[in-house]
């Protein structure tokens, strides 16, 4: 049985609760043992890494060390958490001085034995696409999905192991396996503007709008994401964006775990589909999935 | 003190193309340095047979300096790269046998670094003297 | 017993002002073997040298020590002196008591004098161990091998042949011409590449001194300067010498399944083909991997249509061995494969093409006969974006170097496009323009001013297909704006890199190459066409990216170097080189591994009667006397003449013993 | 004349001797190597080991003996002799070691040739030998006519531990008698019973030595065996080091070299050499009559058990077995000569 | 195990795949073994392997260059064979390596297990053509604790330590002659022109010999302990050979005999080599 250390992170404990629930649900279904890191602490996203390199490395290091001690790889569905964990791991590995400082701060040794993998990679590379296919209860036939990766899952290039930075395919392959059709589009890694979502909302609106419009233009029924921040920009802001660009958008934004959950036969309540601003149920009903 | 100065004997192996020429440059610039160093001209630090250094210490040299071209400048393109590998190993081995690390040195001195050669010899002399005086 | 003379120079007062020279001379007299020791005001002057010659005659000396200035200054002077006195010139050692003593120890005359005595004594010890050395001569095979039939190889071959020496020119394709033959026009004059190249190609084929081996590859090299032995594989062309180059076979060949590499894979190529219409030699070859006959045993159309029965399916690869005295390596370049650029579509977007593909598109002999059309739908183009520095000046792609020609050819291509299609608009994304060369900057200015090419200083972040257009997103760092251009075609300025297999090829000659695979010249400034291997020279882009004029100049330089070797009857070899005592050689190959010049050969040799051993041998004409082998040899089998183990050890011993006066 | 001496008094005797002479006795160092070393106190004597790692040979026949020093001066060359030997006692060697001095002594004093360096040293050396109680597995001294764990040849004084802590001391030579006489306070006269105890001691000690070779038979087989194919294979394990000969109490081959220290001083030195060394027979021109291991290996046995017997009527071997133990590849001298074909 | 070993060698000899087989046989007592050379397929019964088989038989390969050989190797000895192949002393085709699983060997002089066997990772031989028996590798990798401890001494203490050791040295050259990589046809110690080493035996001259020998085997010595166990006066040469192994590892990340494709550290260089100590 595949066993991975699980770092949910703050978003998944609050605004993106549905991501956490669906993640745990599908992993249980697929018999992937997610071992939640006891007393996990903040990954330090954004605030730490723009202020102190040491804090940015030391915060995730705590979790890394725990996983290493258990002999487990570590995963987080949240792209920001994943990015911080991965970058901390890489920085500590590359910089002996930083390593020493980090070890001093956390009072433990880190040997770099644990690998940080995004949940999509765990599913596709470690669990295996064929194994997922075998578990599918309901093929998502006729559903056109735009896979939106965002920035943190794929950048910088070092974190994007076994995938193309400029045209990632991990989620597209998953979608294909589930019987749905991944749309060919070029906005997979465009910026959603999350960095400005609180300070200069108009930028976030503009950028997220571009993404949603492009998805729509390319014929997508829904957008699939792997990041709570992307989700909040694309989903929660969608009504205002639609108003702003004077276009009917109404394109549901789902976490990839939710999409996977649908294929595994779970219902809307199981996957907390009701938590989205853009209600996906009409679409899914129309496609005969719900 | 004079006799003490005389007692220190340093053997210098200088490559013909850079360091020997550099030492010539030291002369042209009239940079004074301790006279304890006796220079042996070799074509290249790659020619430096570690046995010769061991023999020098065996014969009673207090210090040995081997100097060649800066990496990448070797007249024979890569001779000094081979020397750069022999040196740390030999120094470590000699130290294991009880030859103090202050007694054996290597340097890069180019044909234009006359001043540097004088500085290197002064440094080597000071180190050897420190060993002799303070054990 | 050696008979040594010691000559101590005052150098005016340069030495004697600090060093008590008479004491040095007196001390010399007490040393074993020293028959005479004198001091003199200027040893290097004519009277000084005559003093030496006289002393040699009077005291029947067989070797001398000159205690004076640096041997780097006057060693040659005194070697000549010895020769005039009838002695072997290598029986002199110099003790440097000026640069190394009087000029640097003027603070203490006593210590300076003692050091001078010591240095002189060390030289006496060394000269006692000196051996008579004689200059050596090696024979020269006056035939040159030129590898690579591009413009560099062509030029080198023509120049060497013009001097009257035989040349073999080896080209792996079926025709010479190389990269230059693929180009449409050349910068900065915009004259047609083929028009200036073709006469040179014809000249090669007509030169009696040049043997042209196309469709051939060098497979093995042994030997050394003057005596290289090279194995060349002549691949089976399947067309013999009866061919008159009429081209009927090519026209009639029904097999056009493969793509033409020469045309950047933009057009088809027959199974029997000539590389391009002006090919030299104009003899087609059959690609046995795609030919229907060779695959299925049926077809034979070319054989049937050939008016001279020149098609010969039974031809075999042929391996020939030839001897050469010198080699010119001109193996050229490949362009950087842009499929590693994700932002440009991983090489998967059909209408994002390489610069070389553009050359073929716009060339009237190319696959589209000069029509610049989109490879995806064959439609004509309106907006074209050129992106520079693709695989050049890019750390992330491990190509930090500038490819030197891209700025110029991009400007040229944009201009040619406008000439052909006045309604088109070109955009060039660049880092900065490098147009150093005669009329180069003016050329780029013309592109901007007269041809209306829009130059945008910045990188492209993304290219993607939107409908049947390409959306090019980039930054214009001069205005600070983000730019989006809807383009029909994107042309990348691919950088230059060594030919695939350049590393393996360099190993044939034991040449060194840099981290990218470009062959290393012996010295970046003073020996730019020589390599560390004597007698092997490099020309053109296999050494580093360069344009046509530089390539041609470099090729001519190699020809001059080759001719300089051939102009001598025999090769003179300095005797200060390494030698192996094969009796004590253990055959461990350490010296063979470390020699920077591949001057060591391993041989199975009878070292004693009845005892054959694997031992090292020094190639005397190749050895440069660095002595790395001596420093590395554990068996102490290899030694360096002039700096022998005996000499250096005796210097070490003398250096460490106190000054003794009897 | 036989005496008794207690272990306690032996130490007292040593203490006295150390004050007067250079006393060499088995000493053990940090690496458990037992060698003859110069004693500075009697407590340094290590009497537990049967055999020292090397013999006491080098105390008389120095591994490197300075013959003379050469000094160049204005009038030519002066020669200065090496250092004079000092009064020496070798204490606690074994009968096989002591017999070695007897054997090489004869060689260094052969017909009209006297080696003055050896002779001078041995004359100033008193050898106090201790009989062996328990042999090692490599011992084979009883194979020799004179060989025995209580043999007295070569010793000046022989001590035998006849009962716990009591040693029977026999003076063999005048040197021995003088030593006992000079230190009579430590000796008491031995009784008849004590001397008989030694006979029992001898019988028991000899019984313990399992290996006894018929050396006459060995000699008979060796004589025609020079070209025997036996040598072709038996030498194969030999690595031609000199361990066997350098630990041997009877090997005596040497080399004479000179070394110049500077332009004025030099020295002539005799150093041990070994027939196992390929340089041993190499001549100035490079010719070497013993070109390979086989020939060198054969020489060692031929010399010890054939040629030397011809010249001196005894083998050049005392059966101490050190060469067997020292050999890195465990070549057994007994097996080699026993199996000669 | 012995039977299996004998059968393999018997077969090799009978089928003329090798001219000679080199193994171990019993020597003068129960605690000693010696190298055995077998040419006849019917003569294999004397071959054995046990914990007293201390010799590194790789030593003989350079002496039998012209023959096809089968050689019995403990896991640690195989490194020697590979090192010698790398140094072109013979070709891989000419030697059949018969690996024997080993539980550690005992020093015949002390009866104690060699220190190297405590942390041996090749008790089950790797890279052999035939393997006899199964061995269990030690848990811990080789350590250099004793060398590190010695390195802490002052240079004066070190010099004194070695002077005491080399006073014992009798220059029998057993260490050199049992060393598999000391295969020079004419050792520097034998030379007279120039005379690197004087024939005079004293502590200083002896030390010179050992210093140069150690320098010459640097990066080639597999730390097999042959010299250490051969020394008739117990000079702790292991302290030197281990230092060589440590330096090779630390300075050049090199392990002798481990990787056939990597040149010995002094036969090659890297442009990025450290030069921290160079003035």
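When the chains are written out, they are named A, B, C, D and E in that same order, and each has its own residue count from 1.
The rule is short, and it goes like this: a contact is a pair of C-beta atoms (placed from the backbone, for glycine too) under 8 Å apart; a residue touches a chain by one contact, two chains touch by 3 or more.
Model, not experiment: these values are computed from the prediction.
**Q** Going only through chains that touch each other, how many steps at minimum separate subunit A from subunit B?
**A** Each step joins two touching chains, and the minimum needed here is 2.
**Q** What chain is most central when centres are computed from CA atoms?
**A** Closest chain centre to the overall C-alpha centroid: E.
**Q** When A-C is set beside D-E, which has more C-beta pairs in contact?
**A** D-E
**Q** What chain lies farthest away from subunit E once each centre is taken as the mean of the Cα atoms?
**A** Comparing chain centres, A lies farthest from subunit E.
**Q** Of all the other chains, whose mean CA position lies farthest from subunit D?
**A** Of all the other chains, the one whose centre lies farthest from subunit D is A.
**Q** Just give me the whole-number Å value for how far the CA centre of subunit C lies from that of subunit E.
**A** From the centre of subunit C to the centre of subunit E is 44 Å.
**Q** Between subunit A and subunit D, what is the separation of their C-alpha centroids in Å?
**A** Each chain's C-alpha centroid was found; their separation is 86 Å.
**Q** Just curious, how far off is subunit E from subunit A if you go by their C-alpha centres, in Å?
**A** 57
**Q** Centre to centre, by mean C-alpha position, how many angstrom separate subunit C and subunit D?
**A** About 69 Å, centre to centre.
**Q** Hey, what residues on subunit C touch two or more of the other chains?
**A** Correct list: 594, 632, 636, 645, 649, 657.
**Q** Quick one: which residues in subunit D touch 2 or more of the other chains?
**A** Subunit D, residues with two or more chain partners: not present.
**Q** Indicate the residues of subunit B shared as contacts by at least two other chains.
**A** 50-51, 55, 78, 82, 86
**Q** Between which chains does touch occur?
**A** A-C, B-C, B-E, C-D, C-E, D-E
**Q** Show me the residue ranges of subunit E that touch subunit D in the complex, using the header's touch definition.
**A** Answer in residue numbers: 27-29, 32-37, 39, 55, 59-60, 108-110, 164-165, 168, 170-178, 190, 195, 198-202, 226, 229-230, 232-236.
**Q** Quick one: which bits of subunit C touch subunit B in the complex? Just the residue numbers, please.
**A** 70-73, 96, 98-101, 103-108, 111-112, 114-115, 118-119, 122, 512, 520, 522, 532, 576, 594, 596-597, 624-628, 630-632, 636, 640, 643, 645, 648-649, 651-653, 655-657
**Q** Given the complex with subunit E, which residues does subunit B contribute to the contact?
**A** Within the complex, subunit B touches subunit E at residues 50-51, 54-55, 58, 71-72, 78, 81-82, 84-101, 105-108, 120, 123-124, 135.
**Q** Please give the residue numbers of subunit D that touch subunit E in the complex, ascending.
**A** 29, 31-33, 35, 53-54, 58, 63-64, 137-138, 233, 236-237, 239-243, 245-247, 255, 257, 259, 269, 271-272, 274, 277-279, 324-326, 328-332, 334-335
**Q** Can you list the subunit C residues touching subunit A in their complex?
**A** Those in contact with subunit A are residues 342-343, 345-346, 396, 462, 464-466, 471.
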